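In structure tokens below, several structures.
Look for subunit A in each of the two complexes below; its partner is subunit B in the first and subunit C in the second.
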Partner chain A sequence: MNLGVGVLSKEDSGKTVDFLLTKPVSRAKVITSKLAASICLLAFTNLVFSSVALVSAKLISTASFSSKTFLLVSGTLLLVQIIFLALGVLLSVIIPKIKSVIAVTLPTVFTFFIIGTLGSIIGNDSVKYISPFKFYDFSYIIEHNTYEIKYLVIEAIFVVIAIVASYIIYIKKDIRAVS
Partner chain B sequence: MNLFSREIKAYRKSLFFWSIGMIALVGSGMAKFATYSGGGQSMNELIAQFPKSIQTIFGLTGFDLNTASGYFGVLFAYIALMATVHAVLLGADIISKEERDRTSEFLFVKPISRLKVISSKLLAGLSNLIVLNLVTLFSSIYFINYFGHGVSMNSDVYVLMAGLFFLQLLFFFVGTVMVALIKRPKTSASLATSVLLVTFILTYLININEHLDGLKYLTPFKYFDAKNIMTDGTLNPVYVVLSLGLIVAMVFVTYRAYNRRDLSI
Partner chain C sequence: MNAIETTKLTKYYGKSLGIQDVDLAIKEGEIFGFIGPNGAGKSTTIRTLLGLIHPTGGSATIFGKDITKYGPAIKEEIGYLPSEVFYYDDMRVIDLLRYSGSFYKKNPGVIAKRIKELAAYLDLDLKKKIDDLSYGNKKKVGIIQGLLHEPKLIILDEPTGGLDPLMQQRFFDLLRQENKKGVTILFSSHILSEVQKLCDRVAIIKEGKIIRIETISSLVENAHKRFKLETVEKIDAKPFADLKGVSDLVITGNLVSFLYRGRINDVTKIIAGLDLANMLVEEPDLEEIFLHYYQKDE
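So, the complex of A and B:
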């Protein structure tokens, strides 16, 4: 989420927004490039994480297990990261002045985390739709060897709406020039 | 004390939202308790169905979840998490604000010593922490009595809140120390929150694996563990002294480091 909030707002806080936006590159292209870069970063970290986890599990585990299922479970990390990325980008275009990225990121992520864990303690089912941490239930993945479609759909809808909204807002937004 | 009142004013909105969030956390947490314990099904049976490792992750072992006090003990872990996040961000922000917003040149040419500046800021920060603590205290007492079928555990809540205050102080000063030592405000804020995250994860690891019990001195969350506090009925004096020592050391380092280093304009 830090990535999402920071990637657009750091132009503003670093006073480089003037320089960037006066270049003959449309704002949409700016967002597209930044998003693409962020997704690449996330995919890369996920790749490293998944491979290290898979290799260590194979080395340590006494019982045999399906690599595909294992990779599906570690892939949920990337899916959750993408949700937070989209949320972060949306927040960064909505909030006018972000002085400290981490002060936005940390409370948001922790709030969702707490909602998720408290909800699963209580056994309340509705938190599965609210907190991104709970979208992908591991036991289901292990049983059925695939993700639950409805959560993929929810995630896709949310990400698409958030990104499209961010584009629209950022393109129309008045951005303060560096004084 | 102009600086003090300015800082207080600056954090008014943020403190307001954090208080609302805290009240929401305590309120919704206790509301869930009411719906669940009234539902006739014993929560303990439900929790017992989870594998042992999941139970320890959530800090559920050793609590009787049917009683308001047991349930609150579990909730306290999350209350502490919220409060310490607030404290760390506050500590890091309040000192690094000047350098981040490029107002340090303006502020430090005024005829006020750096010592006085830091003292005013720290006092303002402490006031914020106290307010959040009191909000948590009152909302806890209110919601426990409202949803808890008249169980009297106010004294437990007082002790827990005292422990919470120590946690807030500890992490607040972790924030200030990081900023005082490091020149770049962004790095220091991230470092301070990493300290928080690492100690938090460490708490969970210690919960899962009993062999790591010796590490409990490394994580403040273990000093003021809800379970121990409620069984003892009071704070463990060893941990209190340890915390006070850490806090005094960190205050000292904050003052000294910030006084001496070059401020980036």
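So, the complex of A and C:
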């Protein structure tokens, strides 16, 4: 999420946004480039992480297991990261002055985590739709060797709405002079 | 064609007024000054032209293209020098300038050459890190960044703060050289002596509205002249007080001082009849004229 919040707001807090946006580049292109860079970064780190984990597991494990299932489980990391990336970008165009990225990221992620955990403790099922941490239940994945479709749909809808809204807001907003 | 044309350009920040009904027609190849105090609307106008803020009303075109529709295309030909320069601290100067140049469609070889020329002329070390630069040197980076792609329009928002007098001169020489090539310059400033030196025409903005657009020469010509006379003996103030066009008449002992606007012969006729010890006639500079227009309404 740090990535999502930081990628646009850093231009603002570093005051380089005047420099960037007076160049012959549309605001849409700026967002697209930064999003693409963020996704590449996430995809790459996940690729490395998953491969290393898979190889280590194969080497260490005494019991046999399906690589596909393993990769599905480690893939949930990327899926959750993408949700927070989208949320982060949306927050960064809505919140006017972000001086500390972590001050936005930490409480948000933490809150979702707490909601998810508390929910499972109480036995409340509706939190499974709210907290991204609960979207992909490991036991389900291991049992069915696939993700639960409804959560993938929720994720897709949320990500699309958040990203589209971010584009619209960023393109329409005024960039005020730095003081 | 007009380099910049605005029609009733208006910007409200919520309920508070930024600029209202601003009409400007800046000709290609002009050096146009934009003066006004803090908060008058100079930066608002410039930021609207650059697409950093969106107008509430009215419209503007740059080189004939509407600023809202053709933003990126127009910016290929604009060089913007802001008052406060902020860059990515970790980069070296040359990296930042190359990055800046990379946005433009111009030939990279030409841009690289221009960067070197400008850096040499302004005495800037390209290998230094931005973070290590003094404020004045950061300004130089700003200047080079605005000029390296040889834009047809240069927009300057209070650009000379932080530059030492030698660099200021070099900077103005650079601007004049570009202007000779046909580049249009929009120069917004507090420092009226600079505007007077450089600009052909000037617009005065106050509280969001343009109150006057005129050539520098006619502004100075039509303004009051200050007369300071020292007479041998005390004189009667009446001839001066009665003369139309005299204002701010002050007599202290043998010293007479007043502002005069009108036919010069009328006032010299009166002075010719006096026994003078000393006389001084001053033309106001842009600062006095500006203050005059400024305080007129208050």
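Assume the second predicted complex is superposed on the first by the 177 of 179 C-alpha atoms of A that agree within 3 Å, B and C clash if a C-alpha of one lies under 4 Å from a C-alpha of the other, contacts with A are read in each partner's own complex, and residues count from 1 in each chain.
Definition applied: a contact is a pair of C-beta atoms (placed from the backbone, for glycine too) under 8 Å apart; a residue touches a chain by one contact, two chains touch by 3 or more.
What you see is a predicted model, and the numbers here were worked out from it, not measured in a lab.
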- [ ] Using the touch definition from the top, say if A:K172 reaches subunit B (first), subunit C (second), both or neither.
- [x] second
Open item on the list: Contact-wise, after the overlay, does A:L21 reach subunit B, subunit C, both or neither (first, second, both, neither)?
Closed with: second
- [ ] Would you sort A:K99 into first (subunit B), second (subunit C), both or neither based on which partner it touches?
- [x] first
Open item on the list: Taking the superposition on A as described, I'd like to know which of subunit B and subunit C A:L71 touches: first, second, both or neither.
Closed with: neither
- [ ] Kindly classify A:V55 by the partners it touches after superposition: subunit B alone (first), subunit C alone (second), both, or neither?
- [x] neither
TODO: Using the superposition on A, tell me which residues of subunit A are in contact with subunit B and, in the other complex, with subunit C.
DONE: none
Task: Footprint of subunit A on subunit C - complex, ascending - done: 13, 43, 47, 50-54, 71-76, 78, 80, 82, 84, 86-89, 100, 103-105, 145
Task: Residues of subunit B defined as touching subunit A within the complex - done: 18, 21, 25, 29, 32, 36, 46-47, 58, 60, 74-75, 78, 81-82, 85-86, 89, 93, 97, 100-101, 186, 189-190, 193
Open item on the list: Considering only the defined contacts, which subunit A positions touch subunit C in the complex?
Closed with: 14-16, 18-19, 21-26, 29, 172, 174-178
TODO: Would you pull the subunit A residues touching subunit B in the complex into a rising list?
DONE: 99-103, 106-107, 110-111, 114, 117-118, 121-124
